[in-house]
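Comments concern the structure below.
Chain lettering (A, B and C) follows the sequence in which the chains are written, and residue indices restart at 1 in each chain.
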Amino acid sequence: MRHLLSVADLDAAAATGLLDTADRLKQALLGREVRKLPTLRGRTVVTLFYEDSTRTRVSFEIAGKWMSADTINVSAKGSSVSKGESLRDTSRTLSSMGADCVIVRHPASGAAHRIAGWADRDAGTTGTSTSVVNAGDGTHEHPTQALLDAATLRERLGSVAGRRIGIVGDVLHSRVARSNVLLLATLGAEVVLIAPPTLLPVGVREWPCRVSHELDAELPALDAVMMLRVQAERMHGGFFPSAREYAVGYGLSEARQALLPENAPVLHPGPMVRGMEIAPAVADSPSSAVLAQVRNGVHVRMAVLYHLLAGAPE
Amino acid sequence: MTQTTDNLLIRNARPYGEDATDLLVSDGVVTEIGTGLTAPAGTETFDAGGHVLLPGFVDLHVHLREPGGEESETIETGSHAAALGGFTAVFAMPNTDPVADTEVVVEHVRRRGEEIGLVDVHPVGAVTVGLKGEKLAELGTMARSRARVRMFSDDGRCVNDPLIMRRALEYASSLDVVVAQHAEDHRLTGGAQAHEGAVASRLGLTGWPATAEETVVARDCALAREAGAALHVCHVSSAHTIAVLRAAKAAGVRVSAEVTPHHLLLTDGRLTSYDPVNKVNPPLRTAGDTQAMREALAEGVIDVVATDHAPHASQYKDTEWAAAKPGMLGLQTAFSVLVHTMVEPGLLDWHGVARVLSERPAEIGSLPDQGRPIAVGEPATFALVDPDAQWTVRGAALASKAANTPYEGMRLPGAVVATILRGRITARDGKVAL
Amino acid sequence: MATARRGDAEGAQPPVRELLSAADVTRTIARIAHQIIEKTAFGPANAEDLVLLGIPTRGAILARRLAAAITEFSGAAPAVGSVDATLYRDDLRRRPARALEDTAVPEGGVDDKLVVLVDDVLMSGRTTRAALDALRDEGRPRAVQLAVLVDRGHRELPIRADYVGKNVPTARAEAIHVLLAEHDGRDAVQIARAPGEERPVVGDTEFTEGADPA
């Protein structure tokens, strides 16, 4: 594995391998005073973030540091990015400085693919080798989020295969949904997308999942439910009439949670809009896997870095 | 216009792919057609090698980028590409900097084309000032200027406001000019990056719904009908639009339509690499759409092939998808793509190629001396093509300043052997004749 | 199924000879168990003191078997677990990233304990070195010892086993396969001779009891 750009690059064996590694890493660090592994000593990992995301950036940074990589954070603010340097020049500069891995978050779908393409082209001429990890590109994908969700589901449900997982909310603008649908389907789960038609992309019928507009009808048969973030700007984009109507139709209230099977985990990629997407009592209930997701995020990202950087270069 | 007083004897050419013959040209006009012609001493003889002779191609839709975008293309480099592609006339879209919305700019474009002299460069005037869609540009002044503008368009932008479009059509009807519409309801395509469908949904690219084209074409046909004006629909991309065009034509609306070579051949399946060389507006659509385009072109519902030749320097393309400018090169590959998509499958014969690449575009663009039959007394303005040739497209080898061809590395059939503009050879064997 | 071990020549199909039978393996494990009890003075009084940590995969199995044997012979059960040294290896960059194995440190931890690392084959010593590093991050044992089923020589680091089941002089290109029922379906130790390599090399290994005369 040279890059992690899309979960579509992972078959079931590769995805399971990453999740297993994440489990082992979690186990290896469990209860230890020294949460540091020497595995990536001397490797340089750069997070290149063109969007604010403290959560994802810190998670990657911790993952890198716990593996002893030198992690450097570059954010679009306060770097040459804001002076209008192209993505190509910025990413190639980081590669030339010796970054072994560039973890990129960018508002444009496909940005990580482009950086990987430039890195591969440069590798052919300069012999430098830079791995690229997609930490969220536009409305395309967020592969490590899907992996940490799968890790969390595996932890809570024992397995992913054969489970029915509901994904609720703004699928249209959600890279988390895209990555999750693909990864969960690859791992053998049955995925149901539940959203109003305005928040589902044209073409969704060709995704490996089922589509529903009726949350209440789906909840009793779900093994787990994943709530998506509804960004504030969507509320004014005419995608649905009002936050109140959205909450009535698609918010996970306490009453709705009661429709789920007992102990069915509730996931949310965060940050949560309490009240609209998810009732505070649900978010803080024992079924809520939100903090487990965050915890697993570090181990999953360590696993990704391990698979990309620890072995012999391909 | 560059006039030549030289004579030219074209030997062994097959007009429209028919029997080989010779053509004698004098003062840019065909004076004799027949086998075994003899010419006065000193006449230049050109051996056409038994290749197919067609009227010179006319492209209703190119972007030559001058003035203002010279890092991507100039009227000179674009003229080279046009001549090498078999074109003898091109219509240069007004989205330059400054915008071609005044007689000064359109006359500049016209004059630069004449100075270079490889192809007739006809400036397209802007419909609205600054392409802003708010206020009509001085259509009459541009039409009556030395540039004699016969086509107006805000191409790149749609004249979205129905009232402005209505006024433009009404006003144009009195000038006997055509309004060419880039049909895109911008309210439906906010942030659009790709054809709205399965591929875009997977790639997370905001969709450009086909309805945004279809609805504007339907509206404009109605407006043109009421105004009695001539409407030309640029780069039709959606199968749904064809039904609208067919109905409008059947109802007698003066509407014509073009399709680009890339919308005949390429689909959004190419987008998975995120390489913006495939980014174009309107976007590449589905295989069903390309098939519908081919059938509509064969049927005549779509009148012409126009390239929408849109050079972009690498800094505008070697970026993330969303930041890249839409557009692709087309002048030097148009004929080959047409052979591949229309001639080889038997959808068009050589008369059909002449119709969609030369005769109809010349009519739509009101060019009296282009797209004429190959006959005595007609202008000696030709494209000589070898349908059996094969070549591999290399963007760097194309004459355009930019290299953004989507056909990079593709092997395509059919080559332009020579281009002749009013008796003068402008391109021959892949080289511009200067 | 026999697995190519670290340092093996890969890809060849050499003749395979059995060094230890299933009964030999059982006997050898029993002997090491006795040696550990003897050397550490292990018994119910200090049962808390001893931790056996196997290096996966087969070292972890051996550690469990040793623990069972020690329990049987001494009447006290030592703590047993596993420590995967992969993340501490110095040769990670030489091969594609490999799967990680179980690390399971017993509840009482390793601080101030006597830890016996258990592995199936000792060769270069690099795995042991990595395991020692991993152990350091787990805590601070009072002392660390090493038990191996087979010592085949070719040390590359100053590392020596405290308990050796069998010393086997080998050529570098030869392969030692340790088979254990839990993982491989049966117990055995085999040597696969590399073609064209006839001369066994005695490394830096001391010949102790049980050295095979063959």
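Please note the rule applied: a contact is a pair of C-beta atoms (placed from the backbone, for glycine too) under 8 Å apart; a residue touches a chain by one contact, two chains touch by 3 or more.
Treat the numbers as computed from the prediction; the structure is a model and nothing was measured.
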Shared touching partners of chain B and chain C are A
Which chain is in the middle, if each chain's centre is the mean of its C-alpha atoms? A
In terms of mean CA position, the chain most removed from chain C is B
Chain-chain pair with the highest tally of contacting C-beta pairs: A-B
Compute the distance, rounded to whole Å, between the mean C-alpha positions of chain B and chain C. 76
Could you work out how far the Cα centre of chain A sits from that of chain C, in whole Å? 40
CA centroid of chain A to CA centroid of chain B, Å: 45
Residues of chain B touching chain A in the complex: 193, 196-207, 209, 273-275, 315, 318-323
Could you pull out which chain C residues touch chain A in their complex? 84, 87-88, 92-105, 109, 133, 137-139
Where on chain A is chain C touching in the complex? 1, 17, 20-21, 24-25, 27-28, 31-34, 36-39, 306-308, 310-314
Chain A residues touching chain B in their complex are 86-88, 106-111, 113-114, 117, 137-141, 175, 178, 201-204, 206-207
